[in-house]
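Once you've had a glance at the structure underneath, I'll fire off some questions.
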């Protein structure tokens, strides 16, 4: 009868456990380090621009005056994108989760998700070559008939390469983000609530208003915020589509600029303090998108049932 | 003599007050005709026709329903119209983009030598000749293809071990500890980093560590890894969580150590999902322009060395050809090359997405009898 | 090759919560012992402490001693992994490794530990283990097929073969038949009857009739109320336990008045 003493353990194996778990821990900490490093390195390289005397920065009035109009431009483009994308995205999500024939639903969802697969540079090219040209007549119409509104003040851009066009392209790009997350959330509405509404004689729309939308509201809000984060940081849709310039209220004239496009257009040729200025702009963008994403993720984490919907 | 009684069809009390089943089709037909008529006055175009007809259809059906069925049912029909309308609106840009890329890109792709030559030595003079004298368009994307391949492979080599090990930590060792929760939260936050910021970080890092102005393929690969790692972590984590706990317990009960259990039981069981997640992460970063723009410059000739010299990639090639055509006076050949490259890029992304699904199916644990 | 288990003053904690209280029991070598009792009374929890499987759950710990032929499983310097290679376990739901063939499943305990074994030795081990689990004749022609392609009862016997292949002293079974149909259950019960000639078997079961059919001795666990710890109420020969138990609670349970 073989007796194996309980205290003779297979030594190499035991060390293996320690080494392996240490390796996984190191990998996890590396991620935190990278995030911290992003902030740190951006700060280091941005610092010279932040403290330089005003006349050395482009525009001659210091970093704040340089970045402020660009921040506004970034927000304008993002807001345009959200205003257009959110209702459409929520509608599409509802369509796939509750209206489409069940057999087609996942196929249709896949088709919409194709929007997310198209690279951003292709969207930019499409916006510049196709959308801008096609939408230019509409801008003329807006300038002629609604030019009294500051946002539609004429004369409309002849090329159509305005911040409104860029905003429309952005909205197409953030639509799949908002809609796929919203769709997951709508699909997770407890069947009990839906059936309770239907059993009371509600029409489909009334059931959605009573059971699906209230349940999904926090999730949709955070989906919208994630879309906002993407819109704020998107480069190509703006760099290729927008004919940039000074800050202007008119959406149908060329002008305005976003942070990401400013960096992309100027960085390759930049040197010296200009590099630091652009990195400082990147730091500002990082802080803004970080704040938006953290709030969105915090909302999701408070509703644990969405944890699988990423 | 009994006359055969034909039963009188009595309308059921449950079908009172409803629109007939053919109502939507009737309204649709009327709307299309009316829309065409209106558009004929203004100037016909397909999009306008569709838009006007849709609006007429919605107004017509909803008001008819309001009269016959009541406001509740009318609101329901309105909601249906809006929701279907949203879906169709969402499809428009998808088809438009794909159509534009196909129409503009095929001529570029069909050009002999497009896939096998680079832009080395191609100057504005060649493009002028192509436009003015009808000479074939020269120049190709081989250097961009190589650059994309090398940079993406290097980024994958960096991201997959880090991402997979982190996912293993979160699932197998994390146990809801504060550190694990912090990592999960910040990984999610990292998925929202703008791609240009990731590029700036890599640039800033290498400027500080190696020297200012360092622009190589390796820097671009680091930037792409920052974007890939969170995606790999998230998808691997989901796949590892799906592995039933019973399998781990079965291995432990056999006297197998935890690390061997993870390496030889858990990961192989989840490998199909992990592999397809990695493929999807690759599909996502292969189309990124901004990070490569600020880190690798843009070369016109073939460069096989990731550690020195500027590198081209498909997305940056498209970007520069559009914004800075090789011949400013004759931008059309540059545009043609750009669209050709865009078509190649989309085909690559679609292949990767398909590949991810195939991998998921191929590597899934088989249940044969 | 089997050893006896002696448990002294065992208390099982999950964090601060006392799950099982003060167990003293002596399990003979080469016998079948059944643990019975109502749901939630701690019998599975206690079973898992016998091969230190409860430690997989963070915060679980024990106070007291579990002696395997005199060696304390919880003594200083004892590696749980070594314990588990001597005390094997079969679970409620059959869990063959889905990525491995039948042959590799049986050899899993050996292969996963990187122990070197020649092909000839491996073949002998596979045949011997599958014979011991009464599965050899059914699968000998398809050893390279995936383990998950078998029926539920066959999968469970495969798991038993896998457990036997590492040559343990004791086999613990946590409700091994509750996920199986009656015919497979009968096959497993016949198997347990044969296993006791070579191993010490401890089986947790919900099914009193199964305990009566299969075991030499039976232990009855009970719980005073929700949130209270489980205790060993009575332990004795199966025949006595079912016909003439000494404790009232035992008699109430075996006659079906509660549980």
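Order as written gives the chain letters A, B and C; numbering starts at 1 within each chain.
Please note the rule applied: a contact is a pair of C-beta atoms (placed from the backbone, for glycine too) under 8 Å apart; a residue touches a chain by one contact, two chains touch by 3 or more.
Computed from a predicted structure; not experimentally measured.
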item	value
From chain A, the most remote chain by mean C-alpha position	C
Chain pair with the greatest number of C-beta contact pairs	A-B
Rounded Å distance, chain A centre to chain B centre (Cα mean)	14
Chain B-chain C separation of Cα centroids, rounded to whole Å	51
Multi-partner residues of chain B (each touching 2 or more other chains)	257, 260
Junction residues of chain C, two or more chains touched	81-83, 85-86, 113
Multi-chain contact sites of chain A, meaning residues that touch two or more partners	13-14
Complex contacts: residues of chain C adjacent to chain B	51, 53, 56, 58, 81-86, 88-89, 91, 93, 95-99, 108-109, 111-114, 145-146, 148-149, 159, 162-163, 166
Chain A-facing residues of chain B, complex	72-73, 75-76, 78-80, 82-87, 89-91, 93-94, 96-97, 100-101, 104, 161-163, 165-166, 168-170, 172-174, 179-180, 182-183, 185-198, 200-201, 203-205, 207-208, 212-213, 226, 229-230, 233-234, 238, 257-260, 262-263, 283, 286-290, 293-294, 297-298, 315, 318-319, 322-323, 335, 338-339, 342, 345-346, 349-350, 353
Of all residues in chain A, those that touch chain B in their complex	13-14, 16-17, 19-21, 23-32, 34-35, 37-38, 41-42, 44-45, 87-92, 94-96, 99-100, 108, 111-112, 114-115, 117-126, 128-131, 172, 175, 179, 203-206, 208, 226, 229-230, 232-236, 239-240, 260, 263-264, 267-268, 271, 275, 278-279, 282, 285-286, 289-290, 292-294, 296-297, 300-301, 308, 310
Sites on chain B touched by chain C in the complex	175, 244, 246-257, 260-261, 264-265, 268-269, 365-369
